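Look for chain A in each of the two complexes below; its partner is chain B in the first and chain C in the second.
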Partner chain A sequence: MSSATLLGLCSAVLVGLGLYGLVANPEPLRKILAFNLFGSGVFLIFGVVARRGAGAGLGGDPVLQALTITGLVVAFAATALAVALLLRLFEATGTATLASGTRPDADASNT
Partner chain B sequence: MSWSFAVDLAMAGLLLAIAVFTIAVRDAFAAVVAFAAYGLLVAVVWVRLQAVDVALTEAAIGSGLTGVLMLGAAARLRGTERAAQSARPAAWLRVVAAVLSATVATALGAAVWFFPDPAPTLAPAAVGEIDATGLGNTVTAVLMAYRATDTVLEKVVLVLAVLGVWSLAPDRAWGGRPGTLYRPDADGVLTFFARVLPPFGVVIGVYLMWTAADNPGGAFAGGTVLAAMWVLVMMAGLTDAPPVAGRALRLLVLVGPVVFVAFGFAGMVIADAFLAYPVDYAKALIVAIEVPMTVSIAAMLGMLLAGTPSRPVQP
Partner chain C sequence: MGAATPAGFLLPLALMAPLTGMLIAFALGGRYAHRVALATVPVGLALAIAIVIHLARSGEALEYLLGGWAPPLGVRLRADGLAAAMMLATAVIIGATALFAGPEFGARPDAPERRAPFAFWQLLLAVWGALNTVLLAHDLFTLFVALELLTFAGVPLVCLDGRGETLQAALRYLIFALAGSALYLVGVPLLYGTYGTLDISLLAMRIHVDHATVTATALMTAGLLAKTALFPLHLWLPPAHAGAPAPASTVLSALVIKGSFFVLVRLWFDVGLGSAAGAQLLAALGAGAIFFGNVVALRQARLKLLVAYSTVAQIGYLFLMFPLALSAGSTAADGAMALAGGLMQVISHAAAKAAMFMSAGLVYAALGHDRIAELAGVGRLMPMSIVAFALGGISLVGLPPSGGFLAKWLLLSVSAATGQWWWAAVMIVGGLLTACYAVLVVMRAMTAPAAPLVPKAEVPRASEAVALALAVCSVLLGFVAFLPIDLTAIGRPHSVVLGAQ
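Let's turn to the complex of A and B:
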C-alpha cells in the first residue's frame, strides 16, 4: 500500500466521522465543526488524487491542488456565514438550538 | 516498511485520533481547540502530499482563521451548551447515523482503493503551457490563468459571504461596527504581540503573495496573514473595527474583485477571450490583478472574522 492510498483511506474515515458528528450532535456549533471535518476529508481525497497524478516533474496534479485552495476559501466563507447566523439566533432568542417551535428545556423530557 | 510510510502511518493515526476527539468530546471549547490542532496537522499532511501551496492556505485559513472564528463563537455560546446537549437524538437514531456514516466512509475508501491505474493527470498539460503565463509556479498558473474563472467566482462567493454577515445586523446597528471593542490590559502579552508582530506579518503576507509567481505561496495565504495581523491589532484594542457602512472599507473589499472582472472583460479586447491575457505581458497583468486581490482578501477575511455589526456608528 502506498502512502497516498493510506492517507486516502484515512480521509475516507474522516468524511465518515464528520458526517456522523453532523447528524448526531444536536449543538449547531458542533454541527458546523463536524461539517468542516467532513469537508477536510473531501479536500484530502482531492489531495490524494492529485498526488497520484504526479508527473512532468511535479509532485502532484496542480489543477486539483488549485481547486482545493479555492475550496478552502469557499469553505471558510460558508463557515463564517454559518457562525454569524448562529450568533444572531442566539442574540435574538437567547438559545442556540435547531429544535423547531419549542424551547430546548421543554424538549428535554423527550430524550 | 520504509521510514516515510511509517511517518505517514503515524500521522494518519494521529489525525484520526484528534478527529474522533473533536466529534466525541462533550465540551465545545475543547472540540474547537482540538479542531485547530487538527488543521495544523492537516497542513503537514498536505506537505506530505507534495502540495505546499495548499499546506500554506490550510495552515492559514483552515486552522488559523476557522479556529479563531469558532473559539469566539464557542465562548459566546458557552451558556447554551447544556440545554442544546439535552436535545441529543435518541440512541437508535445515533446508530442509524453511525451506519450511514460508515457506509459513506466505506464507499469512499473503496473508491480510493480501486483508483484507476495509471492515474489521470493534467500535470503535463499544466507544465506544457506554463511559458505562456510567465509564471514558474503551476498552481498559481492554474489559479490565475488556466482556471481564472474559478478564482473570480470564488471572490464573488467571498463578497456574498461578507454581505450576508453584514445583512444579519439588527436595525439599531445597521451599518455599524462589528464585534465588541476589546479593552485588554495595555501592558499585557496580547498588546505587546499586537505591537511587535504586525510589521513582520505584513512583510510575510506581501512576500507570500509576491513569491507565489515562482514558489509556493499565494494571494490567499498572503491575504490571510495580512487579515490575521489586522484582527490581532483589533483584538488587542489598539484600533476599533471600522463601521461597515464606511466608504474606505467598502472600497477595500471591492477593489480586488472589480479589478479582476475588469481585466477579465479587457481580455476580450486585448486577447481573444474573457480572462485571457496577451502572452507578452501575461505576468504583468496577473500581478496587477493579484495585488488589489490580496488587499481585498485581507479586508474580507478580517471582516468575516469580526462578524455581524452589533454597535451603532454613533453610540
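Let's turn to the complex of A and C:
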C-alpha cells in the first residue's frame, strides 16, 4: 500500500468521524471539535491529492498547498466565530446547549 | 492589462465597492456607519446597472483576470446574464433594506452609540460584497471562500439583539452551514485531482463520468443543500429567520440562502455535474419542501414564523427547475426556459419575501407582538404594510402579472413540453396552499378590532413605503417578459448533462 493510499484512507476515517460527531453529538462544543476533525480530514485529502500530482522537482502540487492554507484560515475563522457565539450563549442563558428547553420560537413577545 | 473583456474592470469594482464601504464604516465608527452604508448603495447599484447594460449591448459575458494571470493558474471573474441579473436584484434589495432600516438602526445625534446598529450596517455591506463574490467567482475554490464570507456575514445578523434564543438560532445556523461547507470542500480536491483545474469553463470542457466526479458531485450538492435549507435540511432556518430583527431577516431570507443555491446552479448547469436521476431527486426534495413548508406555515400562530416557513416552501420551487432542464427529454430550449424560470423565481421571491418580512417586522414593532389571531384592525392602522404583505403574497401565489406568475408560467410550460406533469401538479397545489395562508393573514388584518387599536410605537411611514415599493416591484416583475432581450441567455455555455453522455 503506497503512502498516498494510506493517508487517503486516514483522511476518509477523519472525515467520517467528524461528520458523525457533527450530526450525532448534541453538545455544541463537541460539534465544533467534530467540525475541526472533519476539516483536518479534508485538508489531508488536499495533501494527498497534492502529493499525487507532484512533478517538476516539487514535493507536491503548489496550487493545492496554497488552497490548503486558505482553507485553514477559513476553518480557523469559522471556529473562532462558533466559539464566540457559544460563549455569548453561555453568558446570556447560563447553559451552552442547542437542545431547545425553551423553544426558540416560543416567544419573542415578552421581551 | 488584466481585463479579458474591455469593460471587465467593472467586475472587481462591483466586488470591492461594498467591502470598501464596510472597511470605511469600521474605521469611522458607529456614528458614521449608517451614512457610509447609504453612500455605498448608489455606487454599488450604479456598477450593477453598468454591468447589466454592458451585457445587454454586447450580448457577451464580461470577464476579468485577476492580476492578468490566465486560468488554470490564475483566478477569473466572470459575469454572465444570470450573474448580472442577480447582481442587480441584490443591489436593489440591499438598497431597499438600507432605507428600511434607517429608523431602526439609523444614527441618532443625541443618543449614545450602540453596538447593534454598528454591526448591522457593516454586516449588510459584508453580505452584499460576499454575494457579489459568489455571483462573479468562476472557480470552485473562490466560490467556497465566497460562500464562507456569506455565512460569516449572515450568522451574526441573526443574533443582533443578543437574546438567548437568537444566539441559539445563530449557532445552529452556523453549525449547519459549517457542515455544508466542509462537505463542499471535500469535493474540491477530488475534482482538482481528476481534472487538474478548478476553473468552471475549463472543467466544463473536461468533465466526464467517473467515481471521483460522482462522489464529488454528491458531497458538494449535499453541502450546498444544507446551506440553502432545502427540506429536510431546513431545521435551522425558521428560528434564525424569524428571530432576527426585521431588516436582517429581509436580507437573510431574500438573498443569503440564494447564494448557495446559485453555486449549485453553477455546478449542475455550468460545470455540467448534473444528472437526470439526481435532478429528479432534488425536485422530489423540493416538492417535499413545498408541501411541508406551506402546511406548517398555515399552522403558525406568529406572523414572522409563518413568513419564515413560507421561505422553506419557496426554496422548494427553486429545485423544480433541475429535472425540467436536465431530464432526458429536455431540449436546449427547454433547459434555457427552465433556467430563466428558476432565475425569475429567485428574483421575484427575493422582492416579495423582503416586502413580507419588512411588513411583518413593522407589524411586530407597532403592536409589540405578531400573533396572527390578534391582528384585527392592523389593516386600518398600517394600510401600506398590509397591502405590501398582500402584494407579496400575490407574487408568491403566482397571480399575473407578478414575477412569481412569470416564473411558474415558464416552469409549467417546460413541464408540459417535457411531459413531466407531476411537477406541474406540485406547483399548482403549492400555489393553492400559499394562497390559503396569504389570504388568512390579510383577512385577519382587515377585520374590525373589538377595541380601538393603539400602536405601542409610532409606525415609520418611510419604512412602510419601502416595503410597499418592493412588493409593487415583485408584482410588476412579470412584465420583464416583454423586454426585447433575454438577459439570462447571455454568456451561457451549452449545458452538458453528465448522465446523458
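To be clear about the criterion, the second predicted complex is superposed on the first by the 101 of 111 C-alpha atoms of A that agree within 3 Å, B and C clash if a C-alpha of one lies under 4 Å from a C-alpha of the other, contacts with A are read in each partner's own complex, and residues count from 1 in each chain.
Criterion: contacts are C-beta pairs under 8 Å (C-beta built on N, C-alpha and C of every residue); 3 or more make two chains touch, one makes a residue touch a chain.
From a predicted model like this one, the values you see are computed outputs, not experimental measurements.
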Between chain B (first) and chain C (second), which does A:13 come into contact with in this model arrangement: first, second, both, or neither?
first
Comparing chain B against chain C, which has contacts with more of the residues in chain A?
B
Once the shared chain is lined up, is A:3 touching chain B (first), chain C (second), both, or neither of them?
first
Would you check which partner chain A:53 touches, where first means chain B only, second means chain C only, and both and neither mean what they say?
both
Chain A residues where the chain B and chain C footprints coincide 15, 18-19, 23, 28, 32, 45, 48-50, 52-53, 63, 67, 70, 74, 77-78, 81, 85-86, 88, 104-105, 108, 111
Which stretch or stretches of chain A touch chain C in the complex?
15, 18-19, 22-23, 28, 31-32, 35, 38-39, 42, 45-46, 48-50, 52-53, 63-64, 67, 70-71, 74, 77-78, 81-82, 85-86, 88-89, 92-93, 98, 100, 102, 104-106, 108-109, 111
Complex contact set, residues of chain B against chain A
4-5, 8-9, 11-12, 15-16, 19-20, 22-23, 28, 31-32, 35, 38-39, 42, 45-46, 48-51, 53-54, 57-58, 61-62, 65-66, 69-70, 73-74, 76-77, 80-81, 83-90, 93-94, 97-98, 100-102, 104-106, 108-109, 111-113, 115, 119-124, 126-128, 138-139, 141-143, 146-147, 150-151, 154, 157-158, 160-161, 164-165, 168, 170, 218, 220, 301, 304-305, 307-308, 310
Which bits of chain A are touching chain B when the two form their complex?
3-21, 23-30, 32-34, 36-37, 40, 43-45, 47-63, 65-70, 72-81, 83-88, 90-91, 95-97, 99, 104-105, 107-108, 111
Contacts from chain C onto chain A in the complex sit at residues 73, 141, 144-145, 148, 151-152, 155-156, 159, 162-172, 174-175, 178-179, 181-183, 185-186, 188-190, 192-193, 196, 238-239, 242-243, 302, 305, 368-371
